[in-house]
Every structure is written in C-alpha cells, then in structure tokens.
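As written, the chain order gives the labels A, B and C, with residue 1 at the start of each chain.
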Amino acid sequence: MGLMTLDVPEASAGYSHYGVLARFETAKALYRACEAVRDAGYSKWDALTPFPVHGLEKAMGLKPSRLPFLVLATGLTGAGLGFALQSWVHIQAYPLIISGKPLFTWPAFVPVTFELGVLGAALGAVLGMFAFNKLPTYHHPLFRSETFSRVTDDGLFIAIEAWDPKYDDRATAEFLSGLGAVEVEHVPIEDPIDTDDGEGDA
Amino acid sequence: MAQSQDNTQEPVAGRAPLIVGGYDFRSLTEAVAVPVERKTPIGWWFFFLPSLAMLGLFGVSIGWLFWEGTGIWGLNNPVNWGFAIVNFVFWVGIGHAGTLISAILFLFRQKWRTSINRAAEAMTIFAVMCALVFPGIHVGRVWVAYWMFPLPNQMDMWPNFRSPLIWDVFAVSIYGTVSLMFWYVGLIPDLATIRDRAKTRIRKIAYGIFALGWRGSHRNWLHYERAYLMLAGLATPLVLSVHSVVSMDFATAQLPGWHTTIFPPYFVAGAIFSGFAMVMTLMLICRVLFKMEDIITMRHLENMAKIMLLTGCMVGYAYGIEMFIAWYSGNPYEQFAFANRALGPYAWAYWIMVSCNVITPQLFWFKKMRNHIGWLFISSILINIGMWFERFVIVASSLHRDFLPASWDYYQATFWDFASLIGSFGLFFTMFCLFARFLPLVATAEVKTVLPEADPHQGEELVRVVPAGAGAEPAAQPAPAGGGGA
Amino acid sequence: MAHEPRIVRLDRLVIRPGSSWARLPLVAGAAGILGTVLSIVLAMGSKESAKQFYHSWLVAVVFFLCIGLGCLFFVLIHHATKAGWGVVVRRLAENLACTVPVLAVLFVPVVALGMYDLFHWTHADAVAHDRLLQVKAPWLNETGFWIRTTIYFLVWSGLALWFRTASRRQDESGDEALSRRMARFSPAAVALFAVTLTFAGFDWLMSLEPHWYSTMFGVYFFAGTVVSAFAALTVFTLVFERTGHFRGVVTGEHFHDLGKLLFAFTVFWAYIAFSQFFLIWYANIPEETNWFLSRLHGTADNPAAWRPATMLLAIGHFAVPFFFLMPRTIKRNRALLLIGAVWMLAMHLWDVFWLVMPNLHREMTFSLLDATSLLGVGGIFLAAAGWLLGRGSLVPARDPRLAESLAFENI
C-alpha cells in the first residue's frame, strides 16, 4: 500500500514518545523478528535497514507496490501526447511535403513517440516513488536517536510506533528484546535539550 | 587493505564471492565513504588539473568557432559532416555502458554490476553532456539552436519531426534526463550514508538536502526497489533506441555505406563495446587511486572483458555482414563504397578500426589476457581509439566519394577539429574527477545486498533434492538461497 | 516461523511408462505420417499443387526448426553465462534442440525436389537475362546452396547432440568437469551458431526473392527463432507441470522468468522488424522496397491483398503481446501464460508464413497443404521430441547448480 507510510504530524498528537526502536544484529534475526511483529498484530510499525533486505515485505506482510499502474499511465500519456503533437504539427500547424512523403507519416513519428513515452514513464516512476514514500521528509523523530545513524551503515532496526493500538511502552519493548534485539530504546518526539550538535534533521 | 584473493574462478557448485577482502557492512561503508571524506589525494590533482586544462581548450575552441563559424573546421563539400558528428556519436556511444550496466545487467541479475554501476552511470551522464555539445555547436547559427525544440513561436514554425536529426534531439536529451534520474535514485541511500557520517554541519546539510531525509524504511524500500526495477526496464529499450536513432541519422539516407538495415543493432553493440572500454579504463585507475581493489575485483574486470569480447565480436559480425551484403546486393554503388572503404584513401582509418575493434578483443578468449591488468588497460584504450575511428570511417569514407565524381574530395581535420575532440575529453574527465572526489564511487547499499550476511535465509535449506533410487531416505543437499550471479 | 524445505524427488522426474507422454511418440508419429502422406497425395494433383506443397512444407519445417534452434541457443547461452536459474528447464531445451537432425531429414529431400519452384535464381533462363543474378551466381548456385545447407545442419546437429550427451553423462556421473567443459566450449559455439543461423536465413528465406537484400535479415531470423523457442519452452514446461512431472520442481518464479524472456524477445523482435521496415520505407530505394511492397500490396484486382497479413504481424506479434505479457501477474498465472505462449507460437508461424508465401502468391491464399504440412512436420517433430524426452531424466539430475535453480527466487 503506497500511502501507508508514517504520518507523523497528525498521528503523533498527544503522544510523548514516537515509539520503540530496536536494533538487530543480523538480517536473519531481523527477518524472524518482522514475522513475529506481523503475527503479533501490530500495524503501525516499520523495518529500517541500510539496504533492501530480500523478501522482507513478505515477513512484514506488506502488499506489493502499486507504482506500476502509475508508470503505465504516465508512460501512455507521454507517448500519446508525443504522437498527437507530431501529427498535429505535420497535418495542421505546419503542413509541408518533405521527401515526397505524405503529411501523416506515422512510421516517422515512432521514434519521438517512443522517447516521450519512456520519459513519461520514467518521470512517473521517480516522482511517484517520491510521492508514495513522502520524500523529501527532512524531519522525522527517528533522527533524534543516536544509534539510528547506523541505519545507513550496518544497523538493522524495527520501529513500532506509539499510536499502534497494540502498543504499550513496556510490553512492546520487552517483546522486541525477546525477539533478539540487541538494543532497544524509546524514541522521544520533542526535540531533546538543545545541544550544539542536536540537529538530526539535516 | 586486506589481501586480494582470486575470485575469478567460478566454482561449479555455488558461486565465487563478488567482492573479496572479508568486508562486512561497516567496513564496506568505511571503504566507500572515506575517499569522499578524507583529504584529497595528490593523485587526484594529477588527473584533475590536466583535465581542467583540456576543458579550457574546449572553451577556447568553442569560443573561436562561435566567432569565426564552422569554416575553422576541415569540412568541405562532399564531407559536410566531420569531427563534430564523429565526436557526437562517439560520446553517445560511451554513455551506453552506464545504462547497460545499471539496467540490462540488473534485469539479467548480474550482481557483479553493483561494484561498478555507480561510476558507469555517472560516466553516462558526463558522456551525454559531451555528446550534446557537438550537434549544438554544429548547427551553425548557435543562437537559434532552440529551434530544435517544439516551442511555439511568433513565426508559427515547427520542427520537422520526420527528420532523424530531430529524433536525436529527443532521444539524447531524454536519455540524459532518464540517466540522471536513474543515477540520482540510486544515489539517495548512499547520500544518506554520507549525511549520517558527516562531522561538519555544512556536509550534513549539503548531503542531507539531496538525501531527501532517507531513513531506510522498508515501506520506502518497497516502492524504491519497484521504481528502480521499472527504471531499469525503461532504460533498457531507451538505450537501444538512442543509439538506434543515432544510427538512423545515417541509415535513413540513401548514401551507400550509410543506408544499411543492420545499423540500429550494430550501433548499439558498438556503443556498449566502447562504453565498456571506457568503464574499464576509468575503473582500472579508480580502484588503484581510491584503494578499492577488493570491491572492484579481478572478477569485475574479467566480466567486463568478456562483455567487450562479446560486443567486439558483434561489431565484427556487422562489419562482415555489411561487406558480404554490399557484394551480394550486386549494386555497383554499394560495392564501390565498401571496396573504397577497405582499399581507398581512408583505408588507413578502416584498418585501424578493424584491428582495434575486431582483432584486439579476440585476445580476451584467453583467461590469462582477461586477468592481465596491463593488457586490459591497453586494450581498453585501443578499443576506444578503434570505436572513434569506426564513426570516422562511416562519416568520412562514405561522404568523400559522392555520386558525382566531380565533387570527390578528401577530408582533412584542422587544429580546431582536434582541439574540440581533446577538449571534450577535458569536459568528461573534469566531471568524472569531481564525481569521484565528492560522491560515493560505489553503490554501497547495493553492494551490501550481495554480501552473504545480507541474505535473511543464509544457510537455510530451501529445497531438498532426493536422488533417484534413494528410497525414502532424504539426503541433504543444502541449496544456497539467493547467491551471486555469474 | 520454521521454514520447511521443499522436497524434490528426482525419481519422479522421468516419463513413466503408460503416461500420456509415453504414448506421445506413437500418437504424434502417426499424425505426422498421416500429414506427410496427405501432403504428398495432395501435391501430386497438379504442377500448381506441387509448388504449393514445397512452399507449405518450407514454412512448416522452418517453423519447427526455429524452435529447435532457439532451444539450442538457450542451452549455449545458459552454459556461457553459467546461469543457475534455468537448470530445471535446460534438459527440455537440450531435447528439443536435438530435433534439428530429424528436421534436416524433412528439409533436405523436399527442398531438393522443389528447388526450381522455390528459388527463382535456379532458373537458368532467368539468370541469363538478369545481371544481378549473374553477379550473385557465385553465391546463389545449387552446389553452394547444398554445401552450405549441409554445413548448417552438421554444425547445429553436432552442437545439439554434443551438449545433450555431455549433460546426460553428468546425470550418471555427477562429474563437475562436464559443467566446466560445456561452459568452456559454449562461447565459441555461440559464435558458430550466430554465423550459421544468419546465412541459413539468407539462403533459405532471403534468397526466395533473390534481388532483395537486407543486412538485418539474419538478426531478424534470429529474433523470431528465440521468441518461438521461449514460447515452446514455456508451453512444454506448463504441460509437464500439469501432468505432474514438474510439480514442485518449477515454481512461479521460473514461469515468471520464462515469461520475462518471452516478453523481452518479443519486444526485441519488434525492434528489429520495425527497424528493417522503417529504414527501407524511409530511404525508399526501389530495389529494397520491392520486398515490402509484395507484402503490402497484391494484384490489380486486389491491390492491398497482403496488407492484412502485415498488419496482423505488427499487431499480433507485437502490440497485443506487449501489453498482455507486461504485467507480472500474467507471467505468474499458469493459464494466462499458456495463452500468451501459444499465441506467440502462432504468431511466429505467421511470421514464417509471411516471409515465404508472398513468393508464391501475389494475393494472400491459404491451402489445405498448409495444414497437412504443418501436421506432417509437427507430428514428426513432436514424436522426436517425445522420444528424446523419454530417454532419461527430465531435468539435469546431478547438475551442480540444480539446487540453486530449484530454490531460485526473482528479485
């Protein structure tokens, strides 16, 4: 589901904590833990990893991305507009007989139609991915965590959010420790007391 | 650095490691991020300053061209297309390896691509920039170059979409755009790595802005991987179409030597060939300069050599078929054009082309030569010389013998022709040096996925094969889950 | 959650006596002989029907030959790239590739008898008045034609048999050196294959219209060949799974891959076909456009007789499968993938028909001989394939990469 990503500003109202963040040592442990969290019935949670762990969406119970439909639509739009533009230019706007060919020479329009189709599809893929992922999101409570900076290095994390109906400050943290997490911490929502390097948002 | 070990021998059961040196996630991050963070190595200046000087020459030659006009080049009447078109086709071709590595090898699950795809993609973008300069400066009246785009104007004038040259405008600029997006999407997780490692506020902000707040969420990875897969799927036909369109600049004409139906796939093969040679040249330098011999391993170099052999043979096939069909056609003009190519005034260029492009890669049939760093370097440069000459032969030798013998002439390049060629290398290498200095040279997040410990089912038995005649006794034969590609 | 390994029992991976596969050689062989006899009887009718027979037979043989050759290409490329995923379907390809010598036997006598009716360049009186044919005579003469045809068949049969034998020897010994040897020879074999396939295309199909030439033609022939082979491999794999032989062996992942390759080569075919048409159309040089004109036009009475055939090829061989095979759900759905693969086989047949028949008919015409030839050649092809499949394991049982292939998952 595309738009299921964390909706921090509204959802976090009235919560003092963002949730629990747990670090796992290996991809295998993370995979098992994700299966357990999924089976325990949590819904507002996420796995955070430095690289895409193969097949983790199955362990997390996520549905496949719906991006392809968007890409097909934008691709066809690009190709359609490209073909229409060329036809219009050569039939309507600027009709000229060139090298003895008829005005509507569809084979000659194929290259540009194709290129514009690819352009449309590629823009759809990239911008659609940004939209589905809510990128850019420069502010996120997880960036407050010290250990979380390892998420782009070697840290494999699970974060369960405080507004999950099954969430409980203590029980959830213990549940994650029980799954083999090597580090478990509660992540605050408010800025910690300002220090000179407290800007985790850049 | 850890000692290099041989990973070029693919075992029959299981797979050889893609990277060596015993990296784990953390040391891999270090290995890639440190060159971006530490002080500039002296060796870098050694490459950067000459490149910058060549770029200066490019500026001067373009400035002089604008002042004087295309008369400063050696163009003459039958040969109206000279170095500018040769350089254009050459640079577009160089760009193709980047997309091949990032898209086509991705679709074919060639996981060894992960160590070199970032640099190859960057190279693509810089090569396309170089390529775009040449038709731009070749149009004569550069100040109205924007007429190439379908922009409404008060003259009510529109581009001729039946012209292959307009297809080029679309194909190459869209290729540049899509390559840039592909490269940038791949960079996002690695930019986030540099952001999280940053010690200074400026670095944190500079890299942080472009990292878009990436935090490795798997809900994001899901869309990210899908987008990447689709971009690869789109870039593959795109890359085929771009050089096909470039080949149509020639092949839609009626000129013998230009008009031949094999041109589209033949140009694509040649483009990949030259592009791989360029990646080889650059990687051989970078892996030493940035101490990445264990990440860009012998296995990567050997695989690239194999692809160079394959594409070199394809190009040789196309030369052969062109010759054969020119004879088989029975058309005297065709026959003359090809005989003249091999034996006429430009025979020297033709034989440089054949020996560099067809004969040089044949040595890659031997494993010893595929593993010989010196030969890899020399051959990669020879191949690029040969591929430049291929375009030169196509342009000059086909044009210089017109249908009308009275207009026959010989094309001789001038100083300014060479200045713009050398200058374009200046632009290319300057950009590449800046890239290698300020951005992660290797797609770290992707290389991490090919480490064995990235596999969540590492060591698990997924399938158990019961041999025939074993009765009910299941003999264990653990299957490697995932595992590297060839 | 515990992950239970999937159990694959190799002793189930053979054709069991009494199964419908075991009866295939007999049933298909009978159908093949029936088709052949009917074709010969019909061909005896008149000079015209003999001519029709040679052309129909050529279409049928080339169509099935493409399947065999494409499978040979799959085997070669599989070894050359040391691929893992496709080991489970490689034996199928090895067996189908070995139908090539059988098809050679079907090709040679009929084409030898029909030389004069098939190839205009064999008409001595025509050559005497045609400068172009005189220039081409060193290539287009019967001796050269048969020497080359012999070389093609020997090379292909040799490669197909060698790779099948080596692979089957590994079933017995499990010797890893065999894998290495096959991998070592395959790149050179691919080169040999590329050259022979190109010139076979020139000799058998391009020279039907001896004045016409296109440097792309070999690539075009190759593209169609590979499409038909992936379609055939998909169909065979699906049917084997349905009959229980491949259950638990091939998974949705393998079908997804076969579907992707079928899709990719369909698009590749379209790229090559369009480029060939487009460059000839654009330059508009009479000696080249002629070939397309005879595939777009017809007679004075029916000036667009062949146009629907070309349109069907463009739509059916590209536009429809492009959208049909694109979604991953279709490639992972057995029934829909089967429809797609059978459709592509039909379209490849149409492609061969479209290459050959305008040589005979100025208007698109179907004949009963088209059907009987297809039955004859197809029956014998299937009988040979069934017989080959019945000798031993249906997968390379002791290939060191079998386990990798069985456990394979897509990205």
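Convention: a contact is a pair of C-beta atoms (placed from the backbone, for glycine too) under 8 Å apart; a residue touches a chain by one contact, two chains touch by 3 or more.
Model, not experiment: these values are computed from the prediction.
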item	value
Touch-based graph of the chains, sorted into line, ring, star, complete or other	complete
Two chains joined by the most C-beta pairs in contact, as defined above	A-B
Centroid distance [mean C-alpha coordinates] between subunit C and subunit B, Å	33
Whole-Å gap between the CA centroids of subunit A and subunit B	29
Separation of subunit A from subunit C, taking each centre as the mean of its C-alpha atoms, in whole Å	44
Residues of subunit A whose C-beta touches two or more other chains	54-55, 68, 99, 108
Junction residues of subunit B - those touching two or more other chains	225, 237, 248, 457, 482
Junction residues of subunit C - those touching two or more other chains	278, 282, 409
Contacting residues of subunit B [partner subunit A, same complex]	24-26, 29, 150, 156-164, 166-167, 170-171, 174, 177-178, 181-182, 185, 188-189, 192-193, 195-198, 201, 204-205, 208-209, 212-227, 230-231, 234-235, 237-238, 241, 245, 248, 445-446, 448-449, 453-458, 482
Subunit A residues touching subunit C - in the complex, by the definition given at the top	32, 35, 39, 54-55, 68, 72, 99-100, 107-108, 110
Sites on subunit C touched by subunit A in the complex	1, 274, 277-278, 281-282, 284, 326-327, 409
Subunit A to subunit B touching residues, read off their complex	2, 4-6, 26-28, 30-31, 46-57, 59-60, 62, 64-65, 67-68, 71, 75, 85-86, 89-90, 93-94, 96, 98-99, 101, 105, 108-109, 111-112, 114-116, 118-119, 121-123, 125-126, 128-130, 132-133, 135-140, 142-143, 148-154, 157, 199, 201-202
Subunit C residues within the subunit B interface of the complex	3, 5-11, 13-14, 81-85, 131-132, 135-136, 139, 176, 179-180, 187-188, 191, 194-195, 198, 202, 211, 213-219, 260, 264, 267, 271-272, 275-276, 278-280, 282-283, 285, 287, 393, 397-398, 400-404, 406-407, 409, 411
